[in-house]
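Everything on this sheet refers to the single structure shown next.
Residue numbering begins at 1 within each chain, and the chains themselves are lettered A, B and C in the order written.
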Amino acid sequence: MPPSDPVIIATALSRRFAYRPVLVDVSLEVRRGEALLLVGPNGAGKTTLLRVLAGLLRPTAGHVERRAPIGMVGHEPMLYPALTARENLRFFARLHGVDTARVAELLEQVDLAHRAHDRIGTFSRGMLQRMAIARALVHEPALLLFDEPLSGLDAAASRALVALLAELRDRGTAMILVSHQLEMLRGVGTHIVRMAAGRLGTVDPLQGRDPVALFTALMREAS
Amino acid sequence: MGAVLRAAWLIAAKDVAIEWRTKTAFASGLVFAVLVLAVLFFSRDPTVVSSHDIAPGALWVTFTFAAMLGLNRAFLLEGELRGLDGILLSPAPRSAIFWGKFGGNLAFVGLIEAISILLFVPFYDVPIWLRFGELLLVIAMTTVAFVAVGTLLSAMVVRTRYAELMLPLLLLPFLVPPLVGGVQLTAGLLDGRPLSALSGWLKLIGAFDVAFVTLAALLFQVVLDE
Amino acid sequence: MRDRALRLAGVGRGITVLALLGLAGVYVRALKYTPLELSQGAAQKIFYVHVPAAWAALLSISVCGLLSVLYLWLKDRRIDLAAAASAEVGVAFGVVMLTTGPLWGKPIWGTWWTWDARLTSTLFLFLLFVGYIVLRGVLTDPGVRGRFSAVIGIMGLVLVPFIHLTVYLFRTLHPAPIVLKPSAPSLPSAMLATLLSSVGVFTLFYVGFVMQRYALGLLRELREEELAGAAR
């Protein structure tokens, strides 16, 4: 097992949008090999938190210490519809300083090799999601942030992704996963934390327990 | 420095590839150019206004308005599937985004200008070939001026609802010094005056370029932050 | 902070009243006690409003630009509010300048508008700051609004000398027709005194207006904050 140092340390993050507080004093640490399930009602600030952790959004207060490269799969694919799958990945590979040979590998991994030369503007929602995952993995990041990773994926693709996530986790990649589909991520999560109204609860190591049961308990507790 | 150039080049090349594939802004820019040149040519009374007198103004109106059609496109394409976020997540230096967009815009506007000049010659019987080198210099310097400011402003207005209206509104005052200079220099050169006689305008545009390219590059970081 | 804002507004109002009294004094002085200009006659008197308005507009833009730089450095939203206040007041003075100009021009030059140095410069800078205000109007997040406004403010300030230079160069190439310029280089002392007192009064107006506008802006922001907090 690789040494468990934190790959990211967030301290007292706050963020407001047009006077509304969206993140309130959030502190968090994630270590190698940990898969943190971030749950909570809509509007709790989960997406905002991920964006601040990724560096796409600046916090109004607080600090993020990033100790390793980050990859992110957000609500939008972060790609260019006019370019082909291959061109998109080549662009991001080059931007990250990664050998473009990796592109073929990635397309295989997300099962899009047969559409490599098609413009992604023509892709379905599920295919775009798989492209986004490929893009996030292009530089083999130590920390992956997932905002609804299973959205748009059919059963087979979901299972494939879950298997991939488990494998990455076992190899030491840290991840934070926001998802409404906890049952599918059962085998992946190692920790769970609840977020509500901009505040983060205490991180709970699952230690073999079922996250779905825990989640239901957490929700009941909150009401 | 090298990292900035490399990333900027990648971004500019990507933009050019996308525009080349879709050709939307390019097509509208070109149509506009033809329209302006033709209308200005045919709407005057040829016995009163020679094509020679109207030529510099016509050329520059064509350049700037066709350019404005293209400026918004550079950031619109980033918004479709949020490609820009992908770039922000990469180790590419943020300043490279400005230089990449600036470079891509220059390429786009430059191409429209080149084609406009080709269309210009048959319409307006003007001996541009005699002072071609100097004209090219003037066109290049003036274009740099409004593309630099235009790149910065388009990054700002793209997220507002009225981007197509806000860009010209905000850009117009910044067009005055380089455009007036550009037209005066073009007219002067076509009239056969030596560049040395027009040095005042040249220095004005040069100073404007230095000031505003620097300012735009610096302030762009402010605009990128969410 | 609300109380301080309200007090500031009060002081601003007081200063404005003072300025109004001053303006009345200037009017009296200009109309009764300052000699009539030889060739332009009574119409020239607009000069005592037109030029100070131009001065105040330029002051507004400069202050806005400087505050914009300060804002990007210190990120204090009050600086942003002050810059915006200055810009708005500048637009108001710009309107005065752009209306008194033609009003003066028509009887003297026989035309409502001329592309004279100062009028042209003011027109384009006026348009820029109208754009500034429009932009602020469409941006809802105060952080984004402050930052974007600051960018325009700084660019506007740097643009001022370039526009002046452009129009100056343009004029020397195309010499102006033989008309009297809006401000003659040497004025008889009586006229100069009236002009200077008018400039003083307009500066006072600037201060008074900006204070009130700033206070208003601050109160509005505090209110929005309150509402957003309550909504949770």
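Operating definition for what follows: a residue touches a chain if its C-beta (ideal position, glycine included) is under 8 Å from a C-beta of that chain, and two chains touch if they have at least 3 such contacts.
This structure is a prediction, so every number in the text was calculated from the model and none was measured.
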(message) If you apply the touch rule, which chains end up adjacent to both chain A and chain C?
(response) B
(message) If I average the Cα coordinates per chain and compare with the overall Cα mean, which chain comes out closest?
(response) B
(request) Quick one: point me to the chain whose Cα centre is farthest from that of chain A. (result) C
(request) Report, in whole Å, the distance between the mean C-alpha point of chain A and the mean C-alpha point of chain C. (result) 51
(request) Could you tell me the distance, in whole angstrom, between the mean C-alpha positions of chain A and chain B? (result) 40
(message) Could you work out how far the Cα centre of chain B sits from that of chain C, in whole Å?
(response) 31
(message) Two or more other chains touching the same residue: where does that happen in chain B?
(response) 225-226
(request) Mind listing the chain A positions that touch chain B in their complex? (result) 54-58, 69-72, 74, 76-83, 87, 91-92, 94-97, 119-120, 128, 135, 139
(request) Provide the residue numbers of chain A that touch chain C in the complex, in ascending order. (result) 17-21, 60, 197
(request) Write out the stretch or stretches of chain C touching chain A in their complex. (result) 140-143, 224-225, 227-229, 231-232
(request) Using the touch rule from the top, collect the residues of chain B that touch chain C in their complex. (result) 149, 152, 156-157, 160-162, 166, 169-170, 172-174, 176-177, 180-181, 184, 200-201, 204, 207-208, 211-212, 215, 219, 222-223, 225-226
(message) Using the touch definition from the top, list the residues of chain B that touch chain A in their complex.
(response) 7, 10, 14, 17-18, 21-22, 77, 80-92, 225-226
